[in-house]
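Should a chain be cited, it is by its letter among A, B, C and D, assigned in written order, with residues numbered from 1 in that chain.
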Amino acid sequence: MASKRIIGAVAAAAAVMLLTAGCVNQSSTGGSTSSAASKVDLPAQTTISVPKDAVLPAGDGNAKCSSGLTLAYIGAETGPNAQLGINIYNGVQLAIDQHNKANPGCQVQFKKFDTEGDPTKATGPVTQAVNEKDIIGVVGLPFSGESQATGGIFEQAGLVHITASATNPGLTKNGWTTFFRALGNDNVQGPAAATFITKELKDKKVYVVQDDSDYGIGLSTAIQKSLGSDVVGTDKVTTGQKDFSATVSKIVNAKPDAVFYSGYYAEGAPFDQQLVNKGYKGVFVGPDGVKDDQFIKLAGDASNNAYFTCPCIPGELIKSFSDQYQSAFNAAPGTYSIEGYDSATILLAGIDKGNTDRSKLKDWVKSYNADGLSKHYQWDSVGELAKSTVYGYKVDNGKIVSVGVIG
Amino acid sequence: MSEPRDEKRERVPVENDPNLGAVPESVPNEGPADADLTDIGPDPTPEADTDVPDEAELAEVLAEAGIDEEVAEAAASEREIAVEVGEKIIEVKAVTVKFGGLTALDDVTFHINRGEILGLIGPNGAGKTTAFNAMTGVYKPTSGDVLLEGKSIKGKKQHRITRAGLARTFQNIRLFGEMTALENVVVGLDARHKTSVPGALVRSPRHYREEKSAVERGIALLEFVGIAESANTLSRHLPYGSQRRLEIARALATDPKVLCLDEPAAGFNPAEKDQLMDLIRTIRADGYTVLLIEHDMRLVMGVCDRIVVLEFGKKIADGSPAEVRADQRVISAYLGEPDDDAA
Amino acid sequence: MSEQTPVRTTRAVQLTESREALGGRKQFLGGWRRRWNRMARWQQWLFLIIVLAAVYYLPVANPWLITTEPGNDFPIACFQMAVYALVAVGLNVVVGFAGLLDLGYIAFFAIGSYTAAFFTSPDSSLIHIPYLWTLPLALGIAMLFGVALGLPTLRLRGDYLAIVTLGFGEIIRILATIIPAARGQVGFKEVGHPPGTASDGQPIFSVSNGVPWYWLAVTVIIVILLLVGNLERSRVGRAWIAIREDEDAAEIMGVPTFKFKLWAFAIGAGVGGLSGALFAGQVGFVNNQKFDVATSMLFVAAVVLGGSGNKVGAILGGAIVAYIPLRFTAIADYKYLIFGIILIVLMIFRPQGLVAAKAHLLTYSRLALDKVSEFRAARVASEQEKAAAAEAAKGVPNE
Amino acid sequence: MLATLFSLSAALPASVSTDNSWINFDVTSLLQNFWPATFDGLTFGAIYALIALGYTLVYGVLNLINFAHSEVFIMGCYGVVFTLTSLGFGPNAPNLSIWAIIFNLILAMLVGMVFSVVTAFVVERVAYRPLRRRGASRLAFLITALGASFSIQYLIFLVRGSNAEPAVTMFIPTPIFQVFGAIIDSQQLTIVIAAIVMMVATDQYIRRTRVGRGIRAVAQDPDTATLMGVNKDRIIVTTFVIGGILAGAAALFYVMKVPSGVIYNGGFVLGIKAFAAAVLGGIGNVRGALLGGLLIGVIGNYGQLLLGDSQWTDVVAFIVLVLVLLIRPSGLLGQTLGRSRA
C-alpha cells in the first residue's frame, strides 16, 4: 500500500541522516564525559541518631478514651498531585494503626477527605470535616494554596490541623491559632541552601533558576537574598516545560560554578540533563521539591552533578520506620511520609493524655515540646517550628544519600 | 448541483394532482388579487410524514374568511406600491470580477428598472451567478460599480446591502434548518427592526411592538407564498417546494426594493414552474422589482419584461424576450442546448 | 405514503401541533415538554414555583442518596453545582446559540475571580468596594475582555476561533502567574462576601456555610435566565441561531453577524465573569491554579451534555458535571476521561444532548400557534364539509 | 487585548513583588544568546513542523482541527520510549557502536510510528467517521475532536500515572562545528536534517504519487473527487496515517531532545503550538508547515530571552498566531493543499 511506501522512504531518509550525524558523533566523542571538575567530595551520612526519647504513636499502651474519636487527613488523594498526599496519609495511617494496636482502650478512627490539591475544591471537604464533630484533629492540608484557602474554616471551628508539607511562609501570617507546620518553611531552607553552596560546595558563582510556583518563587527570593553578590544570573521557567534550551544557553554563557534550581523535579530533571548535554560542568543544586528518586530516573547520569537541600530528615536512615512503612504499604516511605507520621503521633499523644475535644487538643499541640522521629517539635506563637533542621543530600551511585545537617 | 439535496423525498406526478387549475392571469395594479393566491397551487412535493397543507383549498377557506385581504398590506405594510415600470433602480456599471488570473466577469453593464422583472441568463459558466454575487456583495468587483437607487453599494457589507433594499434567495436552499418557517421569515423581518440588544434584554416597548408585528407580518408572508399552515414546522422538515417558497418569503421579509431570485425553479417540474411564474408575477404586482437568474428559457421568456444575456463573462444581449430570442449571438450561444433545460 | 386519507380530524391536527412543539424530534423528556406546552400559563407558573421551591430547599433537605457527604459538604457541593450551571448558561449563549466554540471560557471565569479578589481582598492594594458590587463589576470587566478578544478574532472562521480562544485562556492563566500584581500561587485571601452576621457572630456568608451562597447563586441564575430568555425570544436570539445555522445566509438576510457574534461573545464572557466572582466569594481565596484548559473542557462538556442551545439543558449539564466527581469521589481521577468520552458519544449518538429542545425565538409564539391552529381548523372544517358533500354526491346515485 | 492588560498592570501598584516591572526587555541577553537560541529554536521548530504537517494534512482534507493529533504524537513518544526501555536502555547513553545505536533508534521510530498510526486510525474511525456519515456540523466535529484528545490524555494518565516516563538517552550530543560562535551539535543536526528530509519526502509524495493526487483532489473538492472515482474514506484514512507516521518520527526526535518529556499531557501544549505553526505557515500547505514550525520554534526562544521568562514562549507564540491571522488569515504561504500544483 501507499502508506507502506512512504514508511519505507521516510525510514530510509531518516537512516541516512542518523548515520551521518552518528559518524560525526563518533569522531568527536570525548571531552563531555569527564565529570564536573569543581565537585567537592562530601562524605555520605550513613547513620542518623534518632532521639532516644522520641514520642511514638504506641505510647504506653494504657491509654483510655471514648470510642468514636476521629483524626482526619484532608488533602490530595487523586489528581496529578496524588502521590504526595498518599505519602502523607500512609504515614498517618501507620501511626494510627500502631496506636490502636498498642492501646486497646483507645481506638481512634481515621477519615480521609480528597481535595485533589485544588484550592477551589478544598472548601467542600474541609467544611464537611469541621462539621463532623467527631473529628478533633487533622493532618493537612499538604499544599500551600489549599491551606491558605481553608485555614479560616479551621480557625472558625477551632479545629487543630498540622500540615506535613505546606511550606509557604505566608501561611503563618494569617493570625490563625489552629495552624501548625511540621517542617521548616521556605525561609529556613533558603539561607541554609545558600550556606551549603558557598561554604560546603565552595562555589562562588551561582545561577538561580526558579519555576512559576509559589514555592519556587519564594525559595528563589530567599536564596538570592542570602547569596547576595554570588548570584551571577537568574532565569524563570514554567511548570510543565520540557525544552530549556534558551535558559541553558544563557547559563552556559554565564559559566557559573553552581546552578540552584528552585522548583520541582519534573522540570528540574530534564533541565539538569539538558545543561549537562550542553557541556555545563558545574554542580546542580535543588531543594526538597527536586529531591526525589524520580529525579535520578529522569535525568540519568546527568544527575551525578546534583545536590539537594531539604528540611526533611533522611527517613530511610530511620530503619524501624522505613521497615514498618514498607511492610504496611509495600512501598518505601516517600517524601513527607515521616512528617505525616510524626504529626499524627503528636495528635494521638494528645488524645492519650485525655485531650479529647477540639480546644483541648489544640492547646496540647500549642504547648507541645518533645522529640518526634524526625525532629524536635515545638511551635512558636504562630505555628512555625521553633527550630528546624535542613539536611544536605547528594547523588551517589544512582541513589540520593544524606551528607548531614546543613542548617 | 441544483437538484434537491434530499433524494429521499418522493415525487408525486403532478398530473395526478387534481388541484392544479388553470393558470389565471395576474392582475397588476390591483394589489393582491384573490385569484393569484388561490392559484399558487399545492405544494408540488407532498410528503406523507409532514402534514403539508393543501394550499389551494386552504386559500379558498381563507378567501372565504376574508383573511387574505390584508396579505400584501401585512407583508410590506410601509411600502409604496409602485408597479409602473419606472426609472433605473439598479445600475451595474462596467463591473469586472477577476479570480487570480481568471476573469469571471468582464466589463458588464446593465440596469434594472423599477417595477420590472429582469431576467439574467446565459449558458453554464457565463458568469450569471458571479454577476449576482458581485451585486449582492458576496464578491467585491475588481473594477466597476454597482448603484442602488443612485448610491454605490460596491464593497459594502452584505447585511447593509440587504438593508439598503437588495434581497436574494439561494440557488441551493439555505434556510436556517433548526428554526421554524415563521422564525426564518422573522429573521428576514428583523432586517428592518431596530430593537437593540439592551432593548431586547429589558424588553422595551419597541421590542413588544416589533415582535407582535413580526408574527403577524410573518404569517401573512407565509400565507402569501402559500405555506402559512407550516409556519411552526422546522424548516428542515419542510418539503422541497415549500422550502423554496420559504426562501422567497424570507427574502421578501427584508422588504427589498429589488428581489433577486437565483434559479428559483431549480428542481421543479413544468407544472411547478408555472406556479412559480405566477408567484413571481404576483410579487411584481405587489410592487417589487425582480431580478431573475434562470436556466430555464421557457420560464424566463414567460415571465420577464426584459432579459440580459451573458456569455463568457460578457454581456451579449439586452432586450425584450422577443428581441433576445431573435438575437443571433444568443441563439449561437445556446445552440445545442435544449430550450427547456431543467437545470 | 402519498395515499393518506384526505380527511383529517381535529386529533390529527393536535398531533401535528404537538410534534411541532418538539421541533419534530422524538426525544428524552419529550413527553414533559409536550405537557408543558399544553399547560395554561397559570399552571406553568405554579409548576415553576414548586420547582423553584424544591431547588431552594435542596441543600437544606440534604436528601439521602443524592447527598455528597461524607466526602464533601452538601451545601457547598450544591453551590459548586450552581456555579457550574451558571457557567454553562453563559457558555451556552456562545456555543449553543451563536455556535462559536469558545475553548478559553475559563479565562473569563478567571477574570471574574480576580476582579472580586482585586477589589475586596486585603491582599490587594486597590480601592476596596463591597463584595456585591464586584458582581456587576466582574460582569462588566469580563465583557470588556470578551469584546477585546472578540473584535480581532470573531472575523475569523469558526475553527480558528476555537484555537485562538484556547490560546487566550492559556495567556490569561500565564499572565496571572507572571504579573506580580496578580500574586501567582500566593493568591488573594479573604475575598469579600455579602454583608450580614448570624446570631453566633459569624458572617452569614462564611466560607464554610454553603446554603446562603447557594441561594445567592440560584437567585443570580434565575435573573440571568430571565435576561437570557428575553434575548432568546427576540431578534437577538434569532440572529444567533441564524448565525449558528448558516452564517453567510444570515448575513445576506440582513443580520449584522459580526455585531451579534460579538454580543454573544461579550454576554457569554460577562456571565463567565459573574460566575467567577461568585465562586471567588465562596472559596474566599483566589490564586492562579485551576484556570486551565482542562476545566475549560469541562465547561464545554457541561453545555454539550445538557443540550447545546438549551438553557434548561445547560443548567442540568453544568450541575451534573460538577456533581459527579463530588458525589463519587472515587472516580475523581476518571472524570476527564469520562467527560471526554461523553463528548464523543453524545456527538455521535445524541448531538442534541440530554434535554433536547428547540430554542423559543418568538415573544408572541402563542399568537403564532393560535394563528396556525386557526388555519388548520378552518381547513379541517372545509375538508370535512367537502367530504360530506362528496359522500352525499356519491350517495345519491347509489340509492 | 494585551494592550488592555498592560494598562491594567500599570494601574495596579505592584506592591507584592520586589521588582516592580513584570515586563522588562533584556536586549543584552537576546543579543548574547542570539545564535544558540536560533539554532535551538530551529531544532525544536523542526519537531513542531513534523507535527504541524499532521494538522495541516487533516485540515486540508477534512477542514477539521484534529485536536487529537497532539495525542497521536504523544502516543508515538510512548511507543519510542517503550521500545527503547524494553531493549534495556535507560537514562544513560549506552556504550554501543554507531550502527547499533542507529539500528535501535530506527526500530524505536518505527514502533513509535505504529503507535501513532494506530492512534490516528482509531481516532478517525471512532470519533470522526460516524459524524461524517451523519453529516454533522462543524461544531460537532470540533467537540468530538476535543473529546478524543482528552479521552486519550486521561487514559494515558490512568495507565501511566502523572509522572513522566523515565528518561532514555541513546547518545550524548557532541559539538560538530560552530556557526557565529554557536555550537551545533550532532543531535541538532540529526533532528533538523532528518525532519527536513521527511518533509520533503511528504511534499513530493503528495505532489507526485497517485494517492497524493487523490489527497489533493479531496482537499479541493470532496464531492467532485468522489464523483471522479476517488475513494474519499480511504483518502481520509491515508491522510490520518501519513500524519501519524510523521508524528511518530517527531516523537523520536522529541524523545532524543527531551528524554524525560514523555508525560500524559505533554502533547497538548506542544500540539497547540504545532497547530499555531501550521496556521502561521498557511494551513493546508505542506511547505507552510515547515516554515511555520521553524518560525514558532525560533520566535518563542527569542521571546523568552527578551522577556526573561519561559512563560513568554507560549504567550509570544500565540500573539504571533493572532497577529498573523489578523493580517494574513490564510497564513504566510497561504496556499491550500488542494491548490498546490505538481
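Here is the rule we use: contacts are C-beta pairs under 8 Å (C-beta built on N, C-alpha and C of every residue); 3 or more make two chains touch, one makes a residue touch a chain.
Note that this is a predicted model, so its numbers are computed, not measured.
Listed here as common contacts of chain A and chain C: D.
Fewest steps needed to get from chain B to chain D, stepping only to touching chains, is 2. Interface comparison, A-D versus C-D: the pair with the greater number of contacting C-beta pairs is A-D. If each chain is reduced to the centroid of its CA atoms, chain A and chain D end up 34 Å from each other.
If you average the Cα atoms of chain B and of chain C, the two centres end up 37 Å apart. In this assembly, the C-alpha centroid of chain A lies 74 Å from the C-alpha centroid of chain B. Taken residue by residue, chain A touches two or more other chains at 79, 82, 212, 238, whereas all remaining positions touch fewer. Counting partners per residue, chain C has 174, 177-178, 186, 244, 333 as the residues that reach two or more other chains. Counting only residues that touch two or more partner chains, chain B has none.
Contact between chains, as defined at the top, is found for A-C, A-D, B-C, C-D. Contact residues on chain C toward chain D in their complex (touch as defined above): 95, 99, 101, 103, 118, 123, 125-126, 144-145, 148-149, 152-153, 156, 158-160, 162-164, 166-168, 170-171, 174-175, 177-181, 183, 186, 244, 293-294, 297, 300-301, 304, 308, 333-334, 336-337, 339-344, 347-348, 351.
The touching residues of chain C, when paired with chain A in their complex, are 68-73, 76-77, 80, 174, 177-178, 184-187, 189-190, 202, 206-210, 279, 282-285, 287, 289-290, 326, 329, 332-333. Contacts from chain D toward chain A in the complex involve residues 18, 29, 32-33, 36-37, 40-41, 43-44, 90-93, 98, 101-102, 105-106, 109-110, 113, 117, 157, 162-164, 166-167, 169, 171-176, 183, 186-187, 189-190, 193-194, 197-198, 201-202, 205, 209-211, 238, 241-242, 245-246, 249, 257-261, 263, 265-266, 269-270, 301, 304-305, 308-311, 313-314. Within the complex, the chain A residues that touch chain D are 2-3, 5-7, 9-11, 13-26, 28-29, 31-33, 79-83, 212, 221, 235-238, 240-247, 249-250, 252-253, 266, 269-270, 273-274, 277, 279, 294, 296-303.
Note for the complex: chain A touches chain C at residues 77-79, 82, 111, 113-114, 116, 118-120, 123-128, 130-132, 144-145, 148-150, 152-153, 156-157, 168, 170, 174, 212-215, 217-218, 238.
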